[in-house]
Amino acid sequence: MSESSVPYSTHRRVQAFKGFLRQFLGHGGAQLGFVCLVCFLVLAAVPNILVGPLQTAVNATGDFLVPPSGQHLLGTDEVGRDVLNLVVHGARISLTIALLATVISLIVGATVGMTAGYFGHWADVWLMRLTDFFFVVPSFVLALVITPVVLEVMGRGRDILGFRPSIFVIIVVIGLTSWAFVARIVRSQTLSLKERTFVDRARVAGTSNLSIMLKHILPNLVPQIAANGALVVAGAIYVETSLSFLGLGDPLQPSWGTLLALAQRAGAASAGAWWYLGAPGICVLMVSLSFVLIGNALDDTFNPRRRVIP
Amino acid sequence: MTDFSKDNAPLLEVDRLSVDYSLKAVSARAIENVSFGLRAGEAVALVGESGSGKTTTAMAIAGLLSANALVSGGEVRYRGERLPIDDDAAMRPHRWSETSVVFQGAMNALNPVHRIIKQIAEPCRLKLRMSRGEATARARELLELVGIPADRGTAYPHELSGGMRQRVMIAMALACRPSIVIGDEPTTALDVITQAQILKLLGDLRSRLNLALILITHDLSVVAEACDRVMIMYSGRIVEDGTVGEIFAKPKHPYTKLLIDSIPNPAKGKRMIRPIPGDPPNLVSRPSGCAFHPRCPSAMAVCTTEVPSLDPLGCGRVACHLHQSLTQEDKIAAHA
Amino acid sequence: MPDTGDILRLENLEVHFPIQGGLFDRVLGRPAGVVRAVDGIDLTIGHGEIVALVGESGSGKTTVGRVITKLAQPTAGRLLFEGADMTSVRGLSALRPYRHHVQMIFQDAYQALNSRHTVFDIVAEPLRSLRLVENDAQLTERVSEALAAAGLNPPGDFFARFPHELSGGQRQRVVIAGALAVRPELIVADEPVSMLDVSIRAQILQVLVDLRDKHNMALLFITHDLPLAWLIADRIAVLYLGKLVEIGSADEITFNPRHPYTVALRDATPQIHTDADRSKLPALQGEVPSAARVPKGCRFHPRCPLAFDRCRQDEPPAIEVGPQHLSACWLAN
């Protein structure tokens, strides 16, 4: 039996969505974050067209540590690579890591939080102790533990699901250390949602627990998950940067954090090469800030006290 | 009863009051041309369904309209003086000391971390500038007045039942010795037996303190126990106004008749009640002419186009074309 | 199907909730208390019968409804449906046949409808979950039929609407349609009209009475309003603090109540016509005590104007005071 047997008035849904968008973009912060994010997504989507292929020490085009000029808009690094080229390619790596880590975090967090909240009792106790554990595990330590294991098992040169092992490890580590936050929020929401009468009604209608969770509880959690998802991305960008900065990144696929680490090691600060440190640093700042702004605006828009269209 | 109520000057006059709400792009008229008078010590009920404007009327009188409400016409006079009901700051000295409000479900509005005596003494201290000792003495007096032993004042709100908490709210409303108390569905969230106790208390207080009472309710049967006069509201207008006895015995407006018929009455021995067809109108899309005409069993052609005016009939008032034609004929008959 | 005459029978039904004691109590090994929400109820509902369960808040009337709809588990006693013991039947598939026959209507229609589902999905949910239809055409037909029976005409106009686009009365009709869709034999209606405007109430009551008249459906009507119960029910059961104090035909309970609590309830109900046969009993003082501290003896004795010594000692049994009229009061016989 198919689930949608009635031609839904898609018009109505489109209208509701338009109303939501209008309200969401009414926030000045949301506009700023949205525009900023779209720019970075474009950079990440087509880096080769914008700045050519990723430069390495072999095909570097410039001199060493040249300040910004007409030829190199953001100057060059210590081996003569164009910093603009590196930053644009870094956007792709950084955003991929952050978004995938967020997806893992949201899926794990929502599943654990919803299961704990809905079933309560022992499921709640044990899942929440597990959540507490992951809440306090430092991401760096976890990365140090996981990295050798992954490299040993999968082999150093092999790709894992299309990612190089070090990037895969970073994605997994960030995913594993950030879901606890999502799980706590989802659990508390589930606790209040499951007491609502429509859940009782669904039970009397003979609906299974899984179905109640997926069709009744999850759709009502979407606002919380979306708003906090944006904040998780911002956090993930930040954690990615620090992990890469500490040397866990992949030198062959430099993310912004890796660039910062390279710049620091090349003595960019003492050499006065502000463009080398500044470019990736400001990128990190701007992307995290856009996600925070979007997250706050989503939170505001979905707030039931101000919400007009459910 | 004091002399004041014997002369005919009303304590409160509501004169052709209209209030609009602005909702996003549209503006909706919540009440239109509402006029009535209230004498000292009199108990009046405003009865209507959700969206009938009964709460808006009461909030306008108390100067507690929400920010998106606009008084678009008419005025409210207290002892002959115009009340600045649309000016929050200017209304402040009048609120609570002249009119006070007991809200629906307000017993859940008590602060759970303070003892009730403190919560009653607070407005006395702030509003009447009493000292701490005086305020506490006044609070004890108020508790006794609403039937709670003064020693129970040390209790926290969660230690009291719903009915007791509603009594505390009434005590707070009486703190500044108002002459008008507005009860906005004060018994709706309570059980039948508790409701009867609270209604009895309001009646007692009314006669002891010569309070004028405006009771807002959707339940006609509550009115019979507590009020002298009833005003039936429908879609923002008063459709009938009369004494309790008259309205229940000889309702004139078709809506009032149907409302009374829809109350189960074992004494009549009739089993099933007659449903009123259709839904109450909402504020934005109000029917033309008499707002009740789409649901009215005796609607005529004129009802769809012309708004009936609220004309005196007998000792009350009624806004219905059925009776307007009658009064016209009566007038002609009287002339001839 | 054994013909017992009754569709549903509650035998000495008991629902006690444990109270979580404080940390001190647990350390000191003090026994945690129990809330005796429902404390031994016997009730039968016949085929096509409307029984009203009347009580104040805290009387346990909602809990009885939740036990019948298997949303709450009784701690003792039996729940028999068509003679079959359903007390300990649990689990989704085991309950499926029971849910097919017993449905519920909720008090607050706004809360009972998921604001993200369309009317069609809401009404179709039990049909899908209980696997009562084979294909989409059948599903659409059953949904249309249920919406029409609940008075939403034409049904097609409501399929794609969301609850917030409906009026209060229409929302309650959607809740009713959801319960009707499976063509149940018993519906538990928990205060179905108390949130509605007075002018809408009669319409909804009419829908419920029509169901009984046309489909011989039984109805347990839970309410706090005695005149309303009289209006719709064949029999009325009055509940006080988890126990039935009086049960009898609607007219007997209304015009000839034999329990002081029923009398008090009737007298407290505001009337628009002053009727002469009001008793001379003084009005009740105080409120229903907590179900965690049920008084000894007759549980009504602390508030009863007629209480005497025996009431404080022994709990009165249900005594037959008329044809099918039972009253649990020492003064009744």
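Per-chain residue numbering starts at 1, and chain names A, B and C are given in the order in which the chains are listed.
The criterion applied here is as follows: a residue touches a chain if its C-beta (ideal position, glycine included) is under 8 Å from a C-beta of that chain, and two chains touch if they have at least 3 such contacts.
None of these values were measured; they are calculated from a predicted model.
Taking each chain's centre as the mean of its C-alpha atoms, the one that lies farthest from the centre of chain A is B. Overall, the chain located most centrally, as judged by its C-alpha mean against the mean of all protein C-alpha atoms, is C.
Interface comparison, B-C versus A-C: the higher number of contacting C-beta pairs is recorded for B-C.
Mean C-alpha positions place chain A and chain B at a centre distance of 55 Å.
Computed from the mean C-alpha positions, the centre of chain B lies at a distance of 33 Å from the centre of chain C. The distance from the centre of chain A to the centre of chain C, with each centre set as the mean of the Cα atoms, comes to 50 Å.
Contact residues of chain B toward chain C in the complex are 49-50, 161-164, 191-197, 199-200, 218-225, 248, 258-260, 262-268, 271-277, 279-280, 282, 295. Residues of chain C touching chain B in their complex: 56-57, 167-170, 197-203, 205-206, 209, 224-228, 230-231, 254-255, 264-265, 267-273, 275, 283-285, 287-288. In the complex of the two chains, the chain A residues touching chain C come out as 1-2, 5-9, 12, 196-198, 200-209, 211, 215-216, 219-220, 310.
Chain contact summary for the complex, chain C toward chain A: residues 69-71, 92, 95-96, 99-100, 103-104, 106, 108, 111-118, 120, 124-126, 128-130, 133-136, 139-140, 159-160, 162, 164, 175, 178-179.
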